[in-house]
Amino acid sequence: MAAPVRLALQGPIARVTLSHPAGIDAISRAMWRELREIFVQIQGAPDLRCVIVGGENGGFCAGGDIAEYPQFRFHPETLRRFHEEEVWGGLAAMLACEVPMVAELAGACMGAGLEIACCCDLRIAGVSTRFGAPIGRLGFPLAPREAQLLAAVAGEATLRELLLEGGQLDAREMKARGFVQRVVPNEDLLGEVRATAERVAQLAPQAARMNKRTLRRMAGRAAQAPLPEDFMARAYDYATSAEHREGISAFLEKRSPRF
Amino acid sequence: MAAPVRLALQGPIARVTLSHPAGIDAISRAMWRELREIFVQIQGAPDLRCVIVGGENGGFCAGGDIAEYPQFRFHPETLRRFHEEEVWGGLAAMLACEVPMVAELAGACMGAGLEIACCCDLRIAGVSTRFGAPIGRLGFPLAPREAQLLAAVAGEATLRELLLEGGQLDAREMKARGFVQRVVPNEDLLGEVRATAERVAQLAPQAARMNKRTLRRMAGRAAQAPLPEDFMARAYDYATSAEHREGISAFLEKRSPRF
Amino acid sequence: MAAPVRLALQGPIARVTLSHPAGIDAISRAMWRELREIFVQIQGAPDLRCVIVGGENGGFCAGGDIAEYPQFRFHPETLRRFHEEEVWGGLAAMLACEVPMVAELAGACMGAGLEIACCCDLRIAGVSTRFGAPIGRLGFPLAPREAQLLAAVAGEATLRELLLEGGQLDAREMKARGFVQRVVPNEDLLGEVRATAERVAQLAPQAARMNKRTLRRMAGRAAQAPLPEDFMARAYDYATSAEHREGISAFLEKRSPRF
């Protein structure tokens, strides 16, 4: 079986491919843990100059693997471990990695996919890529650190719209909102991302890492600022709520939720 | 006489209508106080899922009620009470309210109207709506908390332009700048806002409130961060200045100010 | 010989012209020092109401004067003094100046030019003006305070793209990203900037200064927030690196760098 997150090297350019074993473009708990290990490894590789982060089968990442949710979402402690250790472990390793990263955004970039894209330095999308965070339909809110990351990178107005209305925005709209830096025809996406990575790899590599370190020391205040402890202590109390159970049950039973 | 701010309920959706008794689209001191009470009431209503905030007679809110200004603006203490208690009382109640809010932006959205729109989660505008903050013509600066809110939501560059040049921007431009999320033909505005509120009301209501709470705990650092005390202590010293008096006198006398 | 930075007054409007003695549109160390003095002088002039900041010969500022770099860049202490005293001295004087400023962006607005534009309140560009920060080709990173200023004003996503990919963006793109407020045909640039300055100069001058003071007390947290001391202590250690020397040598020898 292929690894769910694959690291491939081609000279100074690496490609990290999100590849769910079931062939869907979701991210599982095992994939979050592998994402963390791979980015720790990338950060420790002195000759790497650029990382492309992409999906497979025409999609980037459409969100969490909902089939796994009943295992852990309905207990505050297992829910906390999922968000604070597995998800944030992966995202924090990406944010700590000083090698420049280019997100190759095809198909769907939703929920967890949006969060992974936020950790990249450049975001390039195919014209028909769709963006969203429709967890209001699944009956649960964003985890605080993830909300803070999304607000800092995607902008608070866009985040409020996506979360509270539950809709999708297309690539041109996400370009207009400053989240995506470039939109290209779908068939040009891989070529444009590769050409961008090559331009990045030609510039001074230590200067690039220093720039990312500087931006992290500052960005820390917005994207990774500490959240109030009293607030964090209660952030996962909703695990046992009827609304949460109904949202996920409805999805798995392929019916509309009744909130 | 109709109440100057009206709350109407239709199932899980409320509408707050700004309605100046004189039929103008300005906001009076009494309206700020009512705005506060209504949003405290909304926050305490467990079954509400979405609030539409709009004006009447085709306008949202063109700013403060300048006819009232000579009563209180020329003394530092009454001016402070106006900004810190009446205006900020209303805005703070909106910011503390966890029910999702959609601003229905028609006609003019200027000064105080811009501030009220900043407290909403989604901003939808008719194509001919105009935006501005032309108080430089009235001879006074933004109150610090209001400036901070506007800078956080409308963006510092847009705020500097509107304040320092005194011009207006149209709905498409405010969309391009990320303040407005959607622009529709004027005749479609009410329908689009209502449809948006219905989409919001279909999603998990507790998750929506938790998302707003999370964003407030973070946004607090930008939109509601504490300002330096020494600075706040002197923020209304300008009340007695000749420039301030000239700006307001000229407006009320329908002549150009001489600064 | 003409002064490298000239201050010209025309009633309440001043023009600061960046004018490199060699007729190139770069900024030298002497010019940074003069920029500081001129903005201290402007801040102390009670009758000034607006400052236009522009270049000469059709360009705004294409960056630092690279011919000077071998004199001071390869020793941590002289490099620190350059960035922390000369460059930041000029930028800090601009940021501390409460007179409204309009940037007249023609030709190239790169590196140091981008930083100077960030200190202005309004940015108006000719349609063919180009923007960038291609120092990755010169083998060095942004100085921390300058990175923080650029991230706050130009946006972190745009800064990452310009720094890490080394490309250029045109005026319309920088308008779409919210950095430039207005783009006009090249031949209309001077007229539009002058008309804007006249609009600014007609509004209440003390209110404008108070607005800028308020925004600075807040913006301080983002654009001028203190950086961690341990980080600043090591920020210029790269001065002696082979990569740094190679980037600058290659430029001066008119060859491609080998990183």
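A, B and C label the chains in the order they appear, each numbered from 1.
Keep this in mind: a residue touches a chain if its C-beta (ideal position, glycine included) is under 8 Å from a C-beta of that chain, and two chains touch if they have at least 3 such contacts.
Keep in mind that what you see is a predicted model, and the values were worked out from it rather than measured.
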item: Mutual neighbours - chains that touch chain B and chain C alike; value: A
item: Angle, in degrees to the nearest 5, of the Cα rotation that carries chain A onto chain C; value: 120
item: Inter-centroid spacing, chain B versus chain A (mean Cα positions, whole Å); value: 34
item: Two or more partner chains touched - positions in chain C; value: 176, 178, 221
item: For the chain C and chain A complex, residues of the former touching the latter; value: 135-142, 144, 147-148, 151, 155-161, 163-167, 176-178, 221, 225, 227-228, 231, 235, 238, 241, 243-244, 246-247, 257, 259
item: Parts of chain A lying in touch with chain C, wherever the complex brings them together; value: 100, 121-123, 153, 175-176, 178-179, 181, 196, 199-200, 202-208, 210-215, 217-219, 221
